[in-house]
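Shared between the two complexes below is chain A, which has chain B as its partner in the first and chain C in the second.
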Partner chain A sequence: MSNNETLTQLWEVFIRPSNGLAHKHAGSIHSADSEMAVQAARDVYTRRGEGTSLWVVPSSAIVASDPRDKEELFDPADDKIYRHPSFYNIPDEVGHM
Partner chain B sequence: MYSQGLIGADDSTHEDEEFLARFQARIDAEEKIEPNDAMPQGYRKTLVRQIAQHAHSEIVGMLPEGNWVTRAPTLKRKAALIAKIQDEGGHGLYLYSAVETLGVSREQVTQELLSGKAKYSSIFNYPAITWADIGAIGWLVDGAAIMNQIPLCRCSYGPYARAMVRVCKEESFHQRQGYEILMMLCAGSDEQKAMAQDALNRWWWPSLMMFGPHDSESTHGSQSEKWKIKRISNDDLRRKFVTATVPQAEFLGLEVPDPELKWNEKTESYDIGPIDWDEFWSVVKGNGVMNKERLEARNKAWDEGAWVREAANAFALKSQEREQLEAAQ
Partner chain C sequence: MAKANDDLFEYLIRLGDDHLILGHRLSQWCGHAPTLEEDLALSNIALDMIGQARSLYTYAGEVEGKGRSEDDLAFLRKEHEYHNLMLVERANNDFAHTIIRQLFFSVYAELLWEILSTSGDEKLSQIAAKARKEASYHVRHSAQWTIRLGDGTQESAARIADAVKTMAPNIQEMFDDDAVLQRLVQTGVIGDVAVLKAAWHISIAEIFSTAKIDTDLLETVAIGGARPGRHTESMGHILAELQYMQRTYPGCQW
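Moving on to the complex of A and B:
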C-alpha cells in the first residue's frame, strides 16, 4: 500500500432478518460508494438467508453517545421506579391489569 | 463507534491503579467491553494483534484450498470448496471490521501482513498437495479452528465475540465437508485410502501445533486469560481436540501418526507424544515450505487490485461532485 492511497469509506451494515423484525446492526464493510456497499454487504453478511432487507449507512454519519456520559445519560432512569407498573398497588380482586 | 473517526484518535488513558482495578472489575463481572469504552493500552494492543492475526489467517487460509478449485473431482465438491473459501474470506472481513473498532484501519493491518511483519496461522504454510489434503484441512484444520473459536464467542471484547459467533455458525459445514471427502476416499480403492492416510500423516501434527506452545511456555497466556480474551488454555484446547478427533479417525479406519497416543483413564482424554516445537518455530520464523509463496500471492493480489480500488474511489468522487453540481443548479 502506498501512503497516498485513500482509505476506502467505511459503512455500517444493518440487516432485517425477516419482515416484521427491525433492522439490526451486523457489522461494517468497506466500499467506495453506496451501490457497491450494498453488494458487498450482501456477499459478506447474507450468504445463508440471514436477511430480507439491507441498510448501509456511512459510519461517519452515525452520531454516538459518549461512554463517559453513560452515567449522566442513563442512570437518572434508575431512581424513577414510578415509571414501572409494579410501583402501583392494585388489589388482586381487580384482576389482571 | 465503528468509525474511521476513531482511527488515529487519541485513545490514551491515564492508567493508574484505580483505573486498572475498575477495568478488571468490569471484566470479572463478565461485562463486555465495547469500542469506545476506556481500556488499558495493553488490552487494546493485545486485541489488535490477536484479531489482526486471526483475520490474516482466514485470508491466507483461502490459498491452499484455492489451489484445488479447478481440480475438484466433481461439481458438488467444487461448489462446496468455493463456498468454503468464500466463507473464509468473509471471516477475514468480519475480523478486520472488529479490529477497526479498536482504532486501526484495515489498510494498516493489511500492510503489516503484506510486509511480513504480522503473523498468521502457521498451518497455512504447509502445501495442499493431494485432493485428500482438502479433506484433511476441513476435518483437522477447521476442526482445530472451531475448538479455538468457540470459547472466543465469550471473549470480553464485544465486537470480537460477536464476529466469532457468526464465524462459528459457518465453520461446522467446513469441517463436515472435509470429513465427508475423507469418508469417500476411505471407502474407495486401496490407493485412495492410502492417499487419505498420507494426508492425515502430514496434517496431524501441524494441526496440534495450531493451539500454540504449551501453557508453560506461552508468553501471552496468563494476562489474556485474566482479561478474558482467552478463556481456555492452549493445552486444554489441544487435549479436547485430540479427544474429539481420535474416534473420528478410527471411524475412517485411519491411523493417527502418534505411536505414544494413549487413553488416560484419569483425565478421560488422550495423552499424546512429544510435539516437534523446533519445526513449529521454524515455520513461524518463515522457513515453512510455503511461507514465501503465500506472502507473494497476497502481495500480488493487493498490487493487481490497486487499479480497481483507485477506479472505485475515483468514480465515487466523481459521482459525488456531479451530485453536488446538480444540487447547486
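Moving on to the complex of A and C:
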C-alpha cells in the first residue's frame, strides 16, 4: 500500500442516505480516474446499506476557508440566537426541513 | 423423481463450489491488496460469492434430504466431491491474474444467473435473481480494471496479456455440456445454456477491444473440463486452509 499517493488522485466522497436527505461528506478515497473513484467509493463507504446515491469530487476542486479567518468568519454568529428557528412551532405536515 | 433431485443437487453443488472456491481465493487478498480501496473491493466480492454459495448449499441440502447443512457441504466433503471449475482454483498470482480470472468467471456468472432467474425451479430462480445484481457489479469492477491495465503502461499490458494466456485454457470448461445439464434443460430447471458460450465471447471481445487486448490470446488448447471431481494441484492446499477449523474442531461455531 505504498507509493499510492503519487500514482492516484485523492477524491472526496459524498453519500445520499436512504432517507432522502442531501448528500453528505463521508470521507475520501484514492483513485486514478472518476469512474474508478465511484466504484471505490461504493466499495469503501456503502458496504452497510448507507446510501442511494454517490458523488465523488476531486479533493483539489474543493476551495476551503482559511483556518486563520475562523474568528472573523464564524464568531459573529455566536451571539445571534434569534437566527435559530427554535422560537417557531413547525406544523407536522411540513415534514422535514 | 429421485433422479431429478440427484441432478438438481449435482447442479447446485457445482455452482456452489464455483462460488465458494473463488470467494475463498479472493478472501486471500484481504490485507494484501495493492490499495486499501481494492482490499475492500475484493473482500466485498468475496463476501458476495460466499453468500451465493451459502444459498446454493442450503438449498442443495434440502434437495438432497439427508439433513446436510450448508456448513457440512462447504467444509466436510473430500476433494473429489467438490465439482467446481478448475478456473476458480487458479492462483491469485499478481493482481492482473486475479482480475482476469474474475472477469472470465463473472461474465459467465452474470449470463448464467440471467438464464437461471427464469428457472422453472422457484427457489433457484430466486437465488439467481439476487445473485445477478451482485454479478453485474463484479463484471463492472473487473472489466474496468481490465481496461485500465490493458490500456495502461507497457508493464500492465504485459501482465494482463500473461494473465489472459494463463486463464485461457480454462475458458472451455465453463461451457462443457453433459448428461446432467441436458436433463435439467429438458425438464425446464435451467434454460438454454448452449447460448452462453457465444454471449460470453461477445462480452469479452467488447471489453478486450476497449482494453486493447488481442482476442487471439483466448484461442488455446482447453484443459480441465467435464467437471465432476477433477482438480488442479492447488485444490488440496485450498481445502486444507478452508476446512482446517471444521476438521480440527468439529462442529465449532462462532
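Heads up, the rule we're going with is that the second predicted complex is superposed on the first by the 70 of 97 C-alpha atoms of A that agree within 3 Å, B and C clash if a C-alpha of one lies under 4 Å from a C-alpha of the other, contacts with A are read in each partner's own complex, and residues count from 1 in each chain.
Methods note: a contact is a pair of C-beta atoms (placed from the backbone, for glycine too) under 8 Å apart; a residue touches a chain by one contact, two chains touch by 3 or more.
Quantities reported herein were computed from a predicted structural model and do not represent experimental measurements.
Following the overlay on chain A, a clash is recorded for the pair chain B and chain C. Of the two partner chains, neither chain B nor chain C is touched by A:77. Contact with both chain B and chain C is seen for A:36 once the two complexes are overlaid on the shared chain. Touch criterion met: A:10 reaches chain B, while chain C stays clear of it. By the touch criterion defined above, A:66 lies against chain B but remains apart from chain C after alignment on the C-alpha atoms of chain A. In the superposition on chain A, A:27 makes contact with chain B only, while chain C stays out of contact range. When the two complexes are overlaid on their common chain A, residue A:44 makes contact with chain B and with chain C alike.
With both complexes superposed, B is the one of chain B and chain C in contact with more chain A residues.
After superposition on chain A, the stretch of chain B whose C-alpha atoms clash with chain C is 183-191, while the remaining options among 183-191, 219-227 or 273-281 stay clear.
Comparing the two complexes, residues 1, 8, 29-33, 36, 43-44, 47 of chain A contact chain B in one case and chain C in the other. Chain contact summary for the complex, chain C toward chain A: residues 34-38, 40-41, 44, 140-141, 144, 148. Per the touch definition, chain A reaches chain C in the complex via residues 1, 4, 8, 29-33, 35-36, 39-40, 43-44, 47. On the side of chain B, the complex with chain A involves touching residues 1-5, 7, 34, 36-38, 83, 86-87, 90, 93-94, 97-98, 100, 105-107, 110-111, 114, 162-163, 166, 170, 302, 306, 309, 312-313, 315-316, 319. Contacts from chain A toward chain B in the complex involve residues 1, 5-10, 12, 27-33, 36, 43-45, 47-48, 59-60, 62, 64, 66-68.
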